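The block underneath contains the structure these notes are about, expressed in structure tokens.
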Amino acid sequence: MADIVFQHVRKCYGDHEAIRDLSLEIRDREFFVILGESGAGKTTTLKMIAGVESVTSGTILLNGRPIENLTPEERDCAMVFETYALYPHMSVYENIAFPLRAPGRRIPENQVEQAVLRVARILGIDPFLDRRPAALSGGQRQRVALGRALVRRPAVLLMDEPLSHLDARLRNEMRTEIKAMRESFGTTIVYVTHDYSEALALGDRIAILHQGSIEQVGTPSQVFRRPVNRLVAESLGDPPMNFLAGTIALDQNRAVFATGDMRIPLPDGPRLRRCVGKEVYLGLRPQHIRLERHRPDTLFSLPSKLFVQELLGDHTVASVSVKDRLFTVLGKTDQAYSIDEHLYVTWAPEHMYLFLENTGETLLAEGD
Amino acid sequence: MRTSHLFIRVLKILGLGAYFTFALGPIIWIAMMSLKNSNDVIASPPKFVFTPTLENYKAITVGQHAQHVETLRPDYPKYFLNTLIIASATVVVSLLLGTFAAYSLARFSFRFKEDIAFTFLSFRFAPELMVILPLYIVFQKTGLNDSYSGLTAAYQLVTLPFLIWVLRGFFEDIPREIEQAARVDGYTWWGVFRKISLPLVKPGVAAVVILSFIFAWNNFIFSMILGGERTQTITLGILGFIGYERVLWGQMAAATMICVIPELILAFFVQNYIVRGLTFGAVKG
Amino acid sequence: MDTNSWTKKGPNRAGKGKHMANLKYRISSRLVAAILCAFCVLLFCQCSKNNPKSAEIHLLLNRHPFTESILRFIPEYERKTGVKVSTLLLSEEEYFEKLITELSSRSSYYDLFMLGFPHLWQYAKAGWLEPLDQYIENPNLTPANWDPNDFFPELIACSRWNLKQGAGMGEGQLWALPVNEEAYVIFYRKDLFERFHIKPPATYEEVYKAAKALTRNVDGQQIYGFGHRGVRSWSTIHPGYLTAFATWRARDFDDSMHCVINSPQAIEITDLFIRTLKEGGPPGWPSYTWYEGKEAFLSGRFAMWFDANHQAAAFENPTKSQVAGKVGYLLPPAGPDGEIRSSTWVWSLAMNAASKNKDAAWRFLAWATSKEMLQRTVPYENINPTRRSVWEDPKTVEATNWAQGEYRRTAQLLLSKYARIRWTPSTYVTQAGDRWAAALQEIYEGTRTTEQALKSAAADIDQMVGK
Amino acid sequence: MTGYALRTQSPNPPHRSLPYLLTLPALLALIGILYPFVLGVYYTFTNYILTEPGNIRFVGLTNYIEIFKTLDFWKAFSLTFVFAGSVVIIELALGLGVALLLKDAFPGVRILRSLLIIPMMIPPIVSALMWKVILLPTDQGVLNHILSFVRFPPIAWLGDSATALLSLIIIDVWIYSPFAILIFLAGLQSLPKEPYEAAKVDGASGWFMFRKLTLPLLTPCIVLVTLFRLIDSLKVFDIIYATTKGGPAGATVTLHIQSYFEAIRWFRMGRGMVYLFVLWFLCFIFSKALSRLWTKVLMR
């Protein structure tokens, strides 16, 4: 029903440029996730779509029609705010019915009631319809906010970190619910989060936003497996990717990653050869690294020393110092090491990432 | 630990007791004065024990026919009504004008915003005496003197800047996202203002209504100079108990006690809003 | 309607239809109602105003036995003449502030108002008062039995001035008609004087000694010997102090309008007077207004009280006074030359020169100052009438026959012999008096010596006068 | 008014002119004062005597120079400051203290809160008159009478230059501290609970929480109370007019009272207006400073 196109959109607050030259295409009925750390401009982007923040320059097209000069009520958007922004002086019922009673909609009161009750039933908040938001728990408030957004089948549903204030269990639960619901509602959804797992789990496509600029747009597997730069790679995955500084050198006419006196061979290719002598980072995801007591029989390993190890049920998280850096390693529970034990980290060659030090550009990604 | 807790409790009660003795002592004394006859009221040293009489109240409301006629026809009810009309009209007009201005100053960004806000405040700077004589001439030329509308207009100087500044604070306190949510839900700024912002600042409105009403009710110089025989207010009415050859302290005290009643009633009704509304913080965010 | 429904956590009222009753229209409808109410009220006020009547006069009056009693007869006047009379009655302080605003803006709204001689001089000089002689002489406006010669000649003289600063009282136009007069006596407690064997004082020295002697604890109650007004106002100067001051042959201004309140005689008597207050008076004298002093005397706290003689009406009223029957009336003491010189005060009614209804105003003025009306105000404590016939009327005699006729004797003596306006005619009386009173407070508080305080006051007053 | 709400940039209004349209009616309602004000300022440069309205001459800065040369002016100037400073500080402290005590619910608190505002409901000029009766110098006054029960010698209060200003401060505090209490109560009631719970968990003392949490969160309230109480107490008139009229011996002559004497009682409008203009200017300076603070607080 609705696609959204950003064309060179800028947003400034005084001297501060919150969004710089944003161009983006969100397809009809897509679950589009915007991922970024706080302050990246995610909420601003959403609010510009909703029309509660103005656009400094550039154009936003909704179904091909520029909307940046329309008032919020003229755009058919609904939004779930991070703070929920429930109306404290209204009951849950009134909160959910509020958008339907907007002067432009003129929906008869009996239909309003039907719609509210239907949504409430789906979200499981029908027992609280008479309460005020203050008397609800966080999860219930979140569902009211969701209900208020969904009750009128908007063309675009905007969700701003709707799960961030919930505890872990509820968060997972709601994530599943949202995922299930999106199928039945069938609107374009723009979902903002700082949680990569939420992004990967929910999004059809993900945009990684950093300091007001888009770093990469792609499907979850694209952005996860083939990040365009170090920033994207770093922001997806928990614990985040490990990095080791070094240079690309030529060793026996092959490109190698050189750090100290260690040499790690790299897959050959013209691209890497062109970068010989450049400062780079080697990137390894924690779940791709294994620890060995003895020097493994592979070139893809580095000596290290165990710093700390936490046992977390089915797996362990270990911190080991590799050269002067700490690496995080996810491993199995059956492996227990002692502090300061000398270990080797090792990995499969196809799991190596390589990023340029100065621009962060990806030289090597999974599968290359 | 426990004893220090108890100690603090006792200290708190003592503090409150001291303040309320200070605040209510004179009120009680005025109430006692209002119940004394003309002899007891000027007794020296002052009397704490006396035979209470309602003659003062009777004298100022319906008049009295004692052998020594002290009041003519009591004008006090008229003053009371005048003040009620003027103070209510003042508050209503202030609310109508001030709420929008306060909202605008709290919510929108526009050129000269802070200057406009300060200008509003600055209307309160001018000492009454500085403007009263020229103002009187203006009023006289426009026929506004000795009229309810004229006094209502003049009282805006007292109430409006105050109302705007306080309400502005309350509006600023509404989380902006609540209003944005309402915009997204399909309401114009006016709809948001009416359905969301205004109901949410009810406690603020309640607080400024009572305070503005009090300011208007108590005004002295404006009502003295700009008022007249038709619009004489309660403040002058009470001062009128200072006669040429005697001061009717008892009647003055009775008039003072009656004068407080409308404000107390208003405060009582409005207090629900103030106290409830002020728990607003719990709902935020 | 339930006005605070949103704060109310009602029982769980889940159910159909109930939610429909929302507060959607409540606020707006109330707002509209409020707007309508406000505008209706304002509109109504505007319309009800400015409704010109053929004959209507407006009076601006201060609270005074005369005005309060004349108000009773206004309905009668309206019935008789068909003229509508509307009045604004204010307490003295507020009254003069309102009056100066009205007059200085040349408002024609109020036709008649009350004033004392200092204001008479000020307003007459400013051209705000209508001269009255022409009306008195006009037989069409003044009834034949309205006898101008019945007024005490001294009081009529007080109301004439030729507008020359520093002189000319009793000359020139008649600017107002006197309705009440007061002169100053020392009220004293006969019982206390007898009990402590003190002779009623005949000189200011004796006043001082008596005051000191009587400032004592009597039957467990602290008594103060001597009381006088003390607030920072020219009205503090006017009664006892100016009487004493004049008795020392000291003057406020010399013939060339230089302020001479720091002359040697002035310093001498001021010194004595303030010393009397300080050593024989109540603490906190600078906060005493006439009514606080009067109430102190009424409740028996002062042995002497130097103020307007008509206060006797209250002192002799047993329902109001704890000293009824114990009060003596003492003529002001004589000075070094053996002469008594009392100050005096006259309340008068005057006409606004800007009035648009002068004839109607004069008719009312003539009615209000007629023998009949002045006589009718006496029972309402308008003591010290300004017409001889009223003063001598048996009814008045009966009403004022306090202390076995002592009151009437002193009043008569004062009026005929001793009481005169002791201020030099000029427009500066209130200004000079205010400043002068501040100087007395300085002396009392000891912040300045008598000489310094009066000298600096005189310099300031000279500056006010423009010398 | 607690200032902890998320404060982002104000949004642009829906129409560029809307904010002006919304503020305009209120401005227009007040703008009528401008003409009298300008006229008042003009009078400061003239020799206008109230009783000589036909004889207004422009005299330049003469009035200012004459007045600034007198000691009386500077005395009134400093007295005004002492009075305003003391009442604002006392009312802030008392207001905050009592508001803190009344913040928590306990039986009867609602009645106390209602009773609290009564002093403010009486016209100040009447309150002052009543206080004058209470503070009468000898044991004629009820306060001295009560003090005499504990063998305290009578105090002349308003009648003594040593205690007159103090008495006026007491009266002013009595009338207006309910204003401060009311505003602080409003502020305290809307404080967020979370930071306090966090601080309690951290074992912070009550004093610490007050200093580090309550005071900063209440800053807008404090600014508001200071602003309005400062303006009004610099302009104090009613209560002095009703009690001492500047006496005894000039112990309570403030700028406003002196201007009342000059302009209304002595008819010297030109000089009186100078006092008032100085007063206006003081209000202006202080308010400017305070409103800067207000904006800063809101922007933090």
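Each chain gets a letter, A, B, C and D, in the order it is written, and its residues are counted from 1.
Note that a residue touches a chain if its C-beta (ideal position, glycine included) is under 8 Å from a C-beta of that chain, and two chains touch if they have at least 3 such contacts.
Just so you know, these numbers come straight off a predicted model, no measurement behind them.
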item: Maximum inter-chain contact count - chain pair; value: B-D
item: Reference chain A; chain at largest CA-centroid distance; value: C
item: Centre distance in Å when chain B and chain C are each reduced to the mean of their C-alpha atoms; value: 32
item: Whole-Å gap separating chain A and chain C, where each centre is the average of the chain's CA atoms; value: 86
item: Centre distance in Å when chain A and chain D are each reduced to the mean of their C-alpha atoms; value: 55
item: Whole-Å gap between the CA centroids of chain B and chain D; value: 15
item: Per-residue multi-chain contacts in chain B, two or more chains; value: 44-45, 93, 96, 132-133, 175, 177, 188, 195, 199, 239, 280, 282, 284-285
item: Touching two or more other chains - residues of chain C; value: 6, 24, 97, 104, 295-296, 299, 301
item: Overlap residues in chain D, where contacts from two or more other chains coincide; value: 8-9, 11-12, 14, 138-140, 264
item: Residue ranges of chain B touching chain A (in the complex, touch as defined); value: 175, 177-178, 180-188, 191, 195-196, 199-200, 202, 280, 282-285
item: Touch list for chain D against partner chain B, complex; value: 1-3, 5-14, 16, 18-20, 22-23, 25-27, 29-30, 32-33, 35-37, 39-40, 94, 97-98, 101-102, 110, 112-127, 129-131, 133-134, 138-142, 145, 148, 174, 177-179, 182-183, 185-186, 189-193, 220, 224, 227-228, 231, 235, 237-238, 256, 259-260, 263-264, 269, 272-273, 276-277, 279-280, 283-284, 287-288, 291, 295, 298
item: In the complex with chain D, residue positions of chain B that touch it; value: 12, 15-16, 19-20, 22-24, 26-27, 29-30, 33, 44-46, 93, 96-98, 100-101, 103-105, 107-110, 113-114, 116-135, 138, 153, 156-157, 160-162, 164-166, 169-170, 172-177, 188-189, 203-204, 207, 210-211, 214, 217-221, 234-235, 238-239, 249, 252-253, 256, 259-260, 263-264, 267-268, 271, 274-275, 278-282, 284-285
item: Interfacial residue positions of chain D with respect to chain C in the complex; value: 50-53, 132, 136-140, 154, 156-161, 164, 243-251, 261, 264-268
item: Touching residues on chain B, where the partner in the complex is chain C; value: 38-39, 42-45, 68-69, 72, 75, 85, 89, 92-93, 95-96, 132-133, 136-137, 140, 143, 145-149, 152, 194-195, 198-199, 224-225, 228-230, 232, 236, 239-247, 272-273, 276-277
